[in-house]
Every structure is written in structure tokens, then in C-alpha cells.
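These are the structures, in C-alpha cells.
Shared between the two complexes below is chain A, which pairs with chain B and chain C, respectively.
And now, the complex of A and B:
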């Protein structure tokens, strides 16, 4: 039984469709991510669920209730904004208590204190937003949304303004709190790594449409089209005609082939005991080597096109720039698009 | 580094002296007994102030000016604050139009404006020419640019749109969002606009003279009248209303920021 249902939602601005007939469903307690490039419509969809944007066509249901025409305050959703939107005139306690005060909730103090404890902000109750770090402000924004016990939590790129280290630790914390409260969460990001780390399910969006949905593993290992392949995993996407020529075969079908950079292997030209069973072999030379921490990325130029090959950074296993190499392409890892 | 700082200090010092000299000169002249051929007055006296404070006309003019200012500025805040808020947050595409309308007073010289207003309001259904009401209307328009810029800039700096969104999602109505979140954060902007408007209207002469003149004597008209009788007395008037404005500004600022809680903890 789906808990959140988006039914054929369409929205446009100035004759341009921002959301194009989007339908999706979420289960209760699920952590879903809307992933896509800037301008793909992911934030508009989130704001439509929150009631901050009207939809032109379609319905939005939460827990079986049609909320399409309800005002934001009636929807029982919580939202954390990209810039947190904390109230500058209120301290941490008052920011978190704001929604409860509006609802005239009793025992407000204990609820707020519990939430402050949960987001690890004890001792900061009297501080004002400008006295907090970005990470602390993000926690206040999260606590402010969660204390209302919303049916759905909406997160609009809440980690994008933070530095890498704090971002990683908050990703874990966010996931922990989400699991602890079993709250259905919709997270918006353009960062595929963040989406993979946090989500139970990912909806990849492009030009106002959901182009693929599935678990992080499904999305990563089985992209349905070139856009997803390139956006999700830095896939090597090669024209099929060119690829057939490179591997000297006529069997392959499709328009393009996508191959993950980490499944490719490099060996020196002339190296013995090559096991070509199950692999194709393409000759080339190392055009460039770059290092991204624990990963070494080789750009290997072949007769027809360039391939990226990712290696874990082991000491003493580097190919020099200009080295002549052979790329081993595992046949079963090639995805025909 | 040190020399550049000295230069800055010197520059600011010169600017302060430049701005203060006319005021100090006026103050000295208002308390000068005999001052003909010396750098500083030869004798000092408070007789100009005594004469001023014994004149009923001065108090009446002051009261009238205060009445005009309170009504005009109050009306402007009551009308412009919600208008600017609604346009900025909900109808941002109309912002350009509002901005153009707010800047219009700069394009119309007071004399042209006054002649037009007298013509328009001396006949027809609204005959208010020569009454203080026409002056209140003219003052409302005069201070429009200050009110508009001050309030709009405060709303922009605050990112009011997102704060209202956040408050609404937390269960607030639009009015509650404005009252509890937006208003407390733009109060200093409103205050600055209000004080600028008050200072401007205190020294406004053109509209007051052309639209109502002696029929509703304001402080500036009183000052202009006294200019012909004694320079010492007019200096005393100027210093008095400067002091009034200073007192008013100081009190409002103190009252506004008195309840602001002290920062707690550090970053």
C-alpha cells in the first residue's frame, strides 16, 4: 500500500513544462531521493508536495488523503530548506517550538527539549541562528520540521551548503534519525553519491520527468538510458558502431554501449598470460592520469574514442602517462542502450 | 598598515568637522550676544531661546508640524508596509511597477507638484486645497521613496519569501507568519525609513508654503517668517528642532533595541 502517491502531476511556467506528467509512489518509512541536474524539476515537485507551488494537473495523496488543494499548513508535511530558513529573531528553542506554538500544543517544552537532544544541540538552546555553524543550523531546521511529527519529511538539498566532512557526518545522522522515527522522507539532491549513500529508492529526473526509479544498486548497475548512465556513474558511453569496430565483432545490438569505469582492466601491451575469456581487448595509450583520493582515474585513448578506467589507488601499480596498454572489457558488464 | 589607518582616521575626522561646522556655527550664533568682528562671539546669552520658548506661535507651529508628520508617516507605514510585503512575497512580477511609482516623486519638482495639486483639489468633489489634508497627501508621496526602499531592502535581505514559506509549513497563517517572523526582523528597516521621513518632513518648506502657507503655520513657515526679524532667533529655532529630532531618534532607537536579547554563546 503506497503512503505517498503522485498522480500524473503536470506544471508549467510561461508555456514551458517543468513537471511533465509525473507519477510515483512511496511506501511508509521509505527514504526516497529525487535526483537530477539543476532545472530538472525536482525542487518544483518537492514544493508542490509541500503546497508551496500549485500543480496544473494531477493529484497528490498522502496516507490516502488528497492534499492537492490544501494549503501548506494543512498538509502535515515538514520541510528543510536549502538555506534552512531559520527565523533570525528567535533562538534555537523558539525556532524549534514555533510550529508547536502555532498549533497551541501543550507540554511544548519537553517535546522541544527531546528534539534538541535528538539532534545533539543541548547547550545551544539560547543561541540565535547567526551564532551557529552551518551544520548546527541544519540540525535546528531538521528539528523544527521533525518536532511537528509530519507525515512526510521533505528535504530540499539541505546539505549542499556544508563542507565535505560535515556533510558526510550529517548524511549518516540524517539517515539515523529517519530510521529511528520511521518517517517517510523525500530528499532532493543533484549529487549522485549522496543519493546512493542515503536512499532506499532513487527517482532520477530529467526535463520534468522521472526517467528511472529503483534502488541505488539497480540505478547504478542498470541504467536505462544514456542520460542516467552518464549522470549516475560516470559511465563510458560509446557509440555502438564505433565499439563494434574496436572489439572487432558484429554481434552487438543497440545504439550505444555503457561500461562502468571500475570494471575495466588495464594491462601492458605484450604482457603474457592474458585471459581473454569473457573479455574484449582494446589497444590504446594512457593519455592522462588523475587521482581522486583513493581512486586513480586513467584516460585511455584508443583508435576511435577515449575510455575512463578507475582503479583503487594501490601503491606501485601506476601506468605512466603515454604508456601503451590494453583495456580488458568484460562482456557481461557491457550495457546495451 | 599604520599609515593607511591614520589616513582613514584623518579623512573621517575632516568629514566630521566639515559636517559639524555649520551646526556648531548655528549653535554659537543662537547663543551669541555680540558677534561682529571676532572669530568667536564676544558675549553669550540665552535670550533668543527665552524669547522663542515664550512665543505661543512657536508651540502651535511645532504641534501642527508634529501632527502632519505623525499622520503622514503613520499612514505611509500602515499602507506601504503590507503593500510592499504582499508585492515582494506574492506578486513579485509587479515589483518593477511599484518601484517606478515609488520613485516618481523624484521626477516632479515640488513647485510643479504643488501647482498641480492646488488646481486639482480646489474644485470638484474633493476640495481640500489650503487645508492640512492636502499637505498630508503630498507628504505621503514625498516620503514614498524612503519608505519603499527601506522596507523592500529589509525584506530582500531577510529572504522573506522563504521565511513565510517555512512559517506556513509549520502551521502559521499568512498574517501570523508576517507578524511573528517577518515584522520583527524588518523593524529596524522600518524604523530607519520612518526616521528619515520624519527628518525630511520636519525641514520641508516648499509644499507647506505653497499648499497651505500661513493658514496652517508649520515650523518651517514660522522659521521663514522669523528669518526676516532676527538671525539669532532663527538659529535658536533650528537648534531647537535639531535637538528635538535627535531626542526623538534617540528615544525610538533606545526603545526598539532595549528589549533585544543579548547574544548568548559564541560561534
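And now, the complex of A and C:
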């Protein structure tokens, strides 16, 4: 039974479709991510669910109730903004208590304190937003949304403004809190790594449409088109005609072939014991080597096009720039698009 | 090290004209005014008689009271109008906002004798509208007298509003759309947003504007002089008549009144600041 349902939602600005007939469903307690480049419509979709944008066509349902025409305050959704949007004139306690005050909830104090405990901000109750770090401000924003016990939690790139280390730790914490409260969550990001680590399900969006949805590993290992392949995993995408020429075969179909950089292997030219059964081989030379910490990335130039090959950074396994190599391409890892 | 010192000296030297200007035209007269206020009418004997004269004289106390009332009243009215007007400005397109600001800027400089004269032409005893309304038979304006308390207030408010709008408008840029969105998602109405977030955030600028308007009205002289002359008893007119009149020249008494005028303004600003810090605890 789906908990959040989005049915054929369409929205346009100035003759341009921002959301183009989007339909998706989420289960209760699911952590879903809308992933895409800026301008793909992911934030607009999130804001439409929150009621901050109207949709032109389509319906949005939460827990079986049609909320399409309800105002934001009637929707029972919580939202965390990229820029935190904390009220600058209120301290941490009052920021978190704001929604409860609006709702005239009793035993407000204990609820707020529990929430402060949950987001690990004990001792900061009296602090004002400008006295807090970015990470702390975002925790307050999260607590402010969660204390209302919303049916759905919407997160609009909540971690993008934070530096890498705090971001990683907040990712974990966010996930922990989400599991603990079992709250259905929709997370918007343009960062594919973040999407992979956090989500139960990813919806990859492009030009106002959902182009692929699935678990992180499904999306990563079986992209459905060139866009997803390039966006999600730095795939080597090669024109099929070119690729056929390179591997001297006619048996492949499709327009393009996508191969993950980490499944490719490099061997020196003339080295024996090649498993030609499961692999194709392509001759080339190392044009460039770059090091990204634990990963070595080779750019190997072949007759027709260049390939990226990723290696874990073991000691003593380096090919020099200019070295003549053969790329082993595992046949079963080639994805035809 | 030496180079830095030299540079500092040059920079200070560049400030010199400004410092001289401030001393010559601001601090100097202020000190002279305070000093003068402690002399007797003969200008030789040191005394506090001038202050005693003021506090014993119902006439001068009334002048202070009238000035305070007109200043507070016109400042409050103008701030309220400006808070609403400046907000409505922000709802227009950028182009129209610029136009509106231009008009406001122009009108905020329209004060003093030309302003009074315009009012006299339009709403005076033989003013254009006064006669027109009388011809049409609208008796709504029959009781209106420009050369009275109401008239004076009207003119003061007229020149205060554009200034207030100019001062408050920029602070609306500091109100972020996402605060409104967050508030509405948390169940807040538009009213509760403005009550609990919008107005408190605007408060420093509202309070600052109020202080400026108050001082502006307390010190306004030409407008009042042209409109009511000596018919109405306000502080700035009394000071003027004591230092520049050809009937009763008493510069020492005028100075004492001037000191009181300045004290009232400083007192008002201090009070405003205190009140604001109570509401905006985050600014402490």
C-alpha cells in the first residue's frame, strides 16, 4: 500500500514544463531521494508536495488523502530548507516550539526538549541561530520540522551548504533519526554519492521527468540510458559503432555501450594469460594518471576514443604516463543503451 | 613597521578636514550652547537661573510638551503608514519599485517653507481645495483650519512619511521568503508570521526610523514657522524667537531650551534602544 502517491503531476512556467507528467509512489517509512542536476525539477516537485507551489495538472495523495488543493499548513508535512530558514529572532527552543505554539499543543516543553535531545543540541536551547554553526543550525531546522510529527519529511538539499566532514556525519545522523522515527522522507540532492549512501530508493530526474527509479545498486549497476549512466557513475559511454570497431565484433546491438570505470582492467602489452573468453581487449596508451586519494584514475587513449579506468590505490601497481597497455573489458559488464 | 606607522599618519592627515569640520560646526556650537545656558542674561554671571526660568514658566513647559506631542504623534503615525507602504512597495515589479522610490525620495526632500506654502495654496483659508469644497457643498472640510494643531500635524506627517518609507523599505529586503514558507508549513498564519517573525525582524529599523523622525519633528522649524508663525507654541519656534527675534533677545535662555531639546532627543533614542533590546534578545 503506497503512502505517498504522486499522480501525473505537471507544472509549467512561461510555456516551459518544469514537471512533466510525473507519477511515483512511496511506501511508509521509505527514504526516497529525488536526484538530478539543478533545474531538473526536483525542488519544484518537493515544493509542490509541500504546497509551496501549485501544480497545473495531477494529484498528490498522502496516506490516502488528496492534499493537492490544501494549503501548506493543512498538509502535515515537515520541510527542511537548504539555507535552514531558522527564525533569527528566536532561540533554539523557540524555533523548535514555534509549530507547537501555532497548534496550541499541551506539554510543549517536554516535546521540544525530547527533540533537542534527539538532535544532540542539549545546552544550546538559549542560543540564537547566528551563534550556531551551519551543522547545528541544520539540526535545529530538522528538529523544528520533526517535532510536529509530520506524515512526510521533505528535505531540500539540506546538507549542500555544509563542509564535507560535517556533511558526512549529518548524513549518518539523519539516516539514524529517520529509521528511529520510521518517517517517510523525500530528500532532494544533486550529489549522487549522497543519494547512494542515504536512500532506500532513488528517483533520477531529468528535464522535469523521472528517468529511472530503483534501489541505489539497481540505479548504479543498470542505468537505463546515457543520461543516468553519465550522471550516476562516471560511466565510460561509447558509441556502439566505434566500440564494435575497437573490439572487432559485429554481435553487439544498441546505440551506445556503457561501462563502469572500475570493472576495466589494464595489462601491459605482451603480457600472457589473458582470459579472452570473458573479456574483450582494446589496445591503447596511458594518456594521464590522476590520483583521488584511494582511487587511481587512468585515462587511456585508444584508436577511437578514450576510456577512464579506476583502480584502488594499491602500492606498486602504477602504469606510467605514456605506457602502452591493453584494456580488458568484461563482456558481461557492458550495458547496451 | 615604520612604513605602517607612516601610512597611518597619512590616513589620519586625510581625516583632518573632516575632524576640523566636526569640531568647528558640531562640537563647537554644542559646547558653546551648553556653556551659554549656564550664564545669566548679562552673559557674565554663572547661574542655573535659565533652567529655573524654564521649569517655572508654564509657557515654556507648554512649548516642550507641544513639541513632544507633535513629534511623537507624527513619528508614530508616519512609521505605521511607512511600514505598510514600504511592504506594499515590495509587492510591485522591480521597475515600479524604483519609480516609487524615486517619487518618495523627491517628496522626502520637500519640506520647510515651500511645503507650507503649497499647503497654504491648497488648503489654506482661501486655498484651492477649500474654496472648491465650499462650492461643491462638502461640509466635511468646513471645520478644517490649516493654521491649527490639526493643520500642523498634517504637514508634519506629510514630510515625515516619505522619509520613513525610504528608511524602512530596505529592511524588507532582509525578510526572507523561506521564513514565511517555514512558518506556514509549521501551521502559522500570515498574521502570526508578521507578529512573531516579520515585525520583530523589522524592529531595529522601525525603532531607528522612529528616532530619526522624532528628532526631525522636534527640530523642524521652517515648516512650522511658515505655517503658524508665532500662533502656536512649540519649542523650535521659541528658541528661534529668543536667539533671533528683534523683540526679546535672550540667547542664554534660548541655549538652555536648546540643551533641553537635545536632551529630549537623546533620551528618546536611548529609550527606543532599550525597548528594542527587550524584544530582540538575539541582538544583545
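Here, the second predicted complex is superposed on the first by the 337 of 337 C-alpha atoms of A that agree within 3 Å, B and C clash if a C-alpha of one lies under 4 Å from a C-alpha of the other, contacts with A are read in each partner's own complex, and residues count from 1 in each chain.
In this text, a residue touches a chain if its C-beta (ideal position, glycine included) is under 8 Å from a C-beta of that chain, and two chains touch if they have at least 3 such contacts.
All values reported here derive from a predicted model rather than from experimental measurement.
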Superpose on chain A as described above, then tell me if chain B and chain C fit or clash. clash
Touching partner for A:162 - first (chain B), second (chain C), both, neither: neither
Which holds for A:148: it touches chain B only (first), chain C only (second), both, or neither? both
Under the stated touch criterion, which partner chain does A:124 make contact with: chain B (first), chain C (second), both, or neither? first
Output check: A:98 vs chain B and chain C. Expected answer is one of first, second, both, neither. What do you get? both
With the two complexes superposed on chain A, say which partner A:115 touches: chain B (first), chain C (second), both, or neither. neither
First (chain B), second (chain C), both or neither: which does A:132 touch? first
Pick out the shared contact residues on chain A: the ones touching chain B in one complex and chain C in the other. 50-52, 71-73, 75, 77-79, 81, 83, 85, 87-89, 91, 98-99, 102-103, 128, 144-145, 148
In the complex with chain A, residue positions of chain C that touch it: 176, 178-179, 181-189, 192, 196-197, 200-201, 280-282
Could you pull out which chain A residues touch chain C in their complex? 50-52, 71-73, 75, 77-79, 81, 83, 85, 87-91, 98-99, 102-103, 128-130, 144-145, 148
Taking the touch rule as given, give the residues of chain A at its contact with chain B in the complex, in rising order. 50-52, 71-73, 75, 77-79, 81, 83, 85, 87-89, 91, 98-99, 102-103, 123-124, 126-128, 131-133, 144-145, 148
Considering the complex alone, what residue numbers of chain B touch chain A? 158-159, 162-163, 165-173, 176, 180-181, 184-185, 261, 263-267
